[in-house]
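Look for chain A in each of the two complexes below; its partner is chain B in the first and chain C in the second.
The block that comes next holds the complex of A and B.
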């Protein structure tokens, strides 16, 4: 039992390291399967000769950094604006749909919203006298703006939850009261006192967001520019190119992507060190802003950001609605706001396809989420206190997927593991388990230790303490962690693509493929299903504990 | 037969000694009160006796209960009841469920167990409240329920960590009497930790001052 955390850590870290190592070897010309045995710099020369590489790198950096930094700013502003009105528990309920909906489904919905023939243009049409969709490239725009918006809609809610959880760990009310009594405005107190206090808890989640933003593939395929695309998409194209020799420069590109993520993290770390170095002097100056208007600048920026955040959240909800409506539309000519004729045709005609994809997705999600939950319980049972190495479980989230997944596929094949459902499931575990463990560990450790001691004093051994006290008390967080696991699994694109060698079709791989097709109704069907599965899991996580504990005031939080 | 501590010393993870060579003999049916300033290690001492010292803490010396050496036993096998300032009723169980959780497993059969729980509820003035959510009970009801739950496990000693700290004055006397009378009736040794001289006076037994 004691060894569980160490074993699980090894099982998470080893595939990342092995995959990176394998990709790295290919990047330097060693690929025995292709008969390449001698190290060379040729793949790098090829990579840098590829057209558009510079543009891809620049796009990844600009859209990724932009989305991550703006998301952090907006999440902070929204939490600050809603402070006092929004408990962590209520926020979790409101933000759940945004966390549940997979990146690809949201991206497809955002495309339905932003496209020249999308909802926004339809709403503007009467004002602008448009009878045909305007010619602007409002999706797949060469600057990656649509991609940034899509990323932000997913990242802001995640960061808000992280911030709210961190705020629960500091005496927020007292810090606010003290700061304001000293003459600082609320925004100024946030910047000077609250943010430094919670940043240690935000650092790693922010890095995860940074890495995802500069390296994501599925959202960028749907919303990002096509020529040149962001680096992740370009590398994916090279990896799946029919010319097998492209694997070598693609591997170099994958390593470049990992390096890019590393550089971005290093920059974030540097900025943090700089702030820590300069901060104390700035704080000691005691500036309270111009007399009479303490912190009005900070206040104005925060208000603007909070407003932008609300607009983005509304756009996200509309995007989700657009998915469902398109899937049910029969005829929906521009510039009508709603379809002229409705039908279930899109659903019934694609039924054989989506049924199979749905089964595969549900099977994968159910298995990986349930297994992750069991392993997380085993981990926390064996290591009740935080371990120093615990941050390592985030490694699969801190290294861009593209950097190690192709290599991992090679490792799997060499170990005799076919590219099939099992391999995909194992690959997904690398991403599902960390989220499940992270989500469960806080509530698990917050259980009053005296409650467990009381149970022991009443004669309950370790097993009974777990099954009869801890698990029932934690029913809600257990189911929430499981729902998060479902959402993470359903959303996986690259692990399914690479470890299934393109042969395992899930709702997500199908939705991404269909998104570039011409029939919005069909991609509406797949994207709706893709969003529906995790939403149902989240609904279970709210309803089941509320019903189970309906007569237990201390545990029945959700609907009160 | 009693709870006996011999040369008990507790070392904190940082090496500081919290309790040095404490020797105590708590006679059956009597209450010994441990007093001392905050942070001196009173709660830690109770943890040591109950077997739930936090990792990193070290215990030396000997603790015996009715002649059994406790030192190597896990907490669930020590037969020592605990009460804290908070009643710590299990939030997912009904009041009756809480008492049944504690009830000695040697009492078998659904009917026999239900009857034992009902009797305990009546004894605590909680008759008819068995199906209630513990979160809806008053402070006094909760404290009495917690004691009954502890007693149903048939403990051979009771450890009380400031159990009256959160009760207001009128309730305090009532619960004190309730606890001490029940402990005396069962003839178990009681170790009480408190800041309040009035608790010690009400307990009526020896007082140990830690310093």
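The block that comes next holds the complex of A and C.
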């Protein structure tokens, strides 16, 4: 049992390292299949000679950093604004739709919402006298603004949950009371006292958000600019270029993408060190703002951010609604707010296709989430409370997928693995397991130790303590972790595409492919299903514990 | 050229050889194929093509016990890369890709890297309906000799689509696009040039504007490329500022472009399928007023092929599917406007009365252009032109 964490860590780290190694070899000119056997810097020279590379890097940095930093600010502001009104459990229920809906589905909906012929423009059309869509570039804009908005709708809810969980670990009421007693406004107390206290728990999740934002592919294909695209999309395009020799500079691009993610993390860490160095002096100075308006600046910024957050969440909900409506439309021309004619055609015509994709997605998600949950329980049962290497489980989330998936594909083929469900499932585990473990470890360690001691005193062995006491007490967190696993699995695009050789068609791979087709109604069908599967899993996570523990007030959870 | 002649010779020989030898060989293929599931990697952005492939699977499974699973690609190059990475890993048999919908640069790349199985086309019984003479459209792919390494299955003709209500007077030559766009700024665009449709738009302009179109049939050299494309870039520089969003953003492919036409964001789109407009109207994907138009000098056309990778796991099944695709039944079904509306690749002169009757019975539609309305078919430039054109375009117009 003791060896479980070490074995799991190895299983998580090895594929990433091997994949990066393979990609790295190609980046330095070694690709025997193309007859390239000697190391060279030629791929890098080719990469830097590619038109638009500088633009791609700049776009990735601006949209990625912008989205991550604004998301953090807005998440903090929203939690602060809702403080006292929003328990972690209620927030989880509230935010579930945003966490559940896969990036690609949300992006398809957002694209329709924001487009010059989209919902917002249609609502404005009668006021502005538009008979044709306005000429503005409100999606795929060259600055990546639409992409930033899309990323933020996904990242803010995730960060809000992380912040709420972290707040549960600090004596928030006492900190607030102390700060207020010293004459600081609530915003100022947050900035000066609460944020430094919870930051250690936010650091890694924020890094995950940073890396995702600068390296994502599926959202950027749909919402981002096309010429040049962000770096992740550009690298994906080079990997599939008809000119096979492009794989070498593409691999160099993938390594560059990994380097970019590393640089961004280093910058975040540097900023954190700088704040730690300068912070104490700032705190000691004790500025409370002009008399009569304590901390009004911070307060105004936070209020503004909270407003922006609510607007973004509303946009996210509208985007999801738009998907469902499109799937039921026959024709929906500009400037009609609702379809001109309705039809179930999109659902019935594509039924054989979406039934297969749905089965595959459910099978993959069910297996990977359940297996991840079992492994997470084994890990937590065996691991010491504080394990130094624990951050390593996040490695697959901290290295951009494009950096190691192509190489991992070659490793899998070498190992004789077919490109089938098994390979895709193994690849998805790299991303599902860390999320499941992360979401379970907090509640696991928060179980009242007296319960376990009482059980032990009554003669229950370790196995019985686990099965009869700990797991039932943790039913709600267990199911929540499982639902998160389902959502992560359903949303995986690149791992499914690369390791499945495109033969494993899931709702997400189909939705992204169809988003580049001509039929928004069919995209609506796949994207709706894609959002529906994780939502049902979340619903189970709320309803089952409530029913199971209906006579146990403290355990019933969400429906208290 | 020599190899094309050899092929013709081989074909002649096989016709002369005792018929039962060939049928016996084919019977062996059929026996081996029974029970196989063919993974056909094909662009998946068109619902009608996807539905046609489902129909093919139902037919081949009923007739030969061979099922087809379409692997829907967003770009054909994904399949090429897949085969290459299998070769990289030393997987020389049991590969994941059995059949690829392919043509042009992707075919050239696979042929040059030795990633294809064949020649196999002459062994297909239904090849007797094809015109495989060296200059025939089914023997040359973007001027690259096919040499039996890929089998034709559908005919593609480049056409423009306009909304006849919002844009009643579309341009009648590529040069006229500049004045049209000046009068209607922001109302037209073309797919990204990395996409074959966007590249075809440029090629159509190249063919019309090049000082000597004949040089496009030879592989491009730096000198010929510069001479031939100079008027093209001048034309494009004049057109670009009046494109949708000043040409700074382009739709990813023709599907997205068609959606823009349907949304009313633009008035002109393009397609490789003259029947797609009529079908899209019937499906609610285009306004009733959408119509096909062509430029006066004629439009580029080419043939879509299927090829079998060298390491395909189900080669026999793939051949059975390739053979079924060129049967008169499949071709007539494909030409049906309610199914795909793609023109047949078969040589009408080689069809017997029974096969001809299948085509005569096809329904017609009002929005469907007649073959004579489409004007002459222009030849695709040599594949090297497309690669260079794409590179030069991104060098010039990528920020």
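Criterion: the second predicted complex is superposed on the first by the 559 of 560 C-alpha atoms of A that agree within 3 Å, B and C clash if a C-alpha of one lies under 4 Å from a C-alpha of the other, contacts with A are read in each partner's own complex, and residues count from 1 in each chain.
One rule holds in what follows: a contact is a pair of C-beta atoms (placed from the backbone, for glycine too) under 8 Å apart; a residue touches a chain by one contact, two chains touch by 3 or more.
Since the structure is predicted, the reported quantities are computational estimates derived from the model, not experimental observations.
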Quiz item: Once the shared chain is lined up, is A:116 touching chain B (first), chain C (second), both, or neither of them?
Solution: second
Practice problem: Mind working out whether A:243 is in touch with chain B, chain C, both or neither, as first, second, both or neither? | Solution: second
Quiz item: Between chain B (first) and chain C (second), which does A:451 come into contact with in this model arrangement: first, second, both, or neither?
Solution: first
Quiz item: So, A:552: does it touch chain B (first), chain C (second), both, or neither?
Solution: first
Quiz item: If you count the residues of chain A that each partner touches, which comes out higher, chain B or chain C?
Solution: C
Exercise. Once the structures are superposed on A, label A:84 by its partner contacts, choosing first (chain B), second (chain C), both or neither.
Key: neither
Self-check item: Doubly contacted chain A residues - partners chain C and chain B
Solution: none
Exercise. Using the touch definition up top, name the residues of chain A that touch chain C in the complex.
Key: 31-34, 51-52, 55, 115-117, 132-133, 135, 137, 140-142, 221, 225-228, 237, 239-244, 247, 330-331, 333-334, 341, 343, 349-350, 352-353, 406, 409-410, 413-414, 418-419, 501-503, 505, 510, 512-514, 516-522
Quiz prompt | Residue ranges of chain C in contact with chain A within the complex | solution = 39, 41, 44-47, 50-51, 54, 69, 71-82, 84-91, 94, 96-97, 104-106, 109, 113, 166, 186, 192, 194, 244-245, 248-256, 258-260, 262-265, 280, 283-285, 287, 387, 394-395, 397-399
Exercise. Can you check the complex and tell me which residues of chain B touch chain A?
Key: 47, 50-52, 55, 74-82, 84, 86, 88, 90-92, 94, 101-102, 104-105, 133-136, 149-150, 153, 155
Quiz item: Where on chain A does chain B make contact in their complex?
Solution: 385, 448-451, 453-462, 465, 468-469, 472-473, 475, 549, 551-555
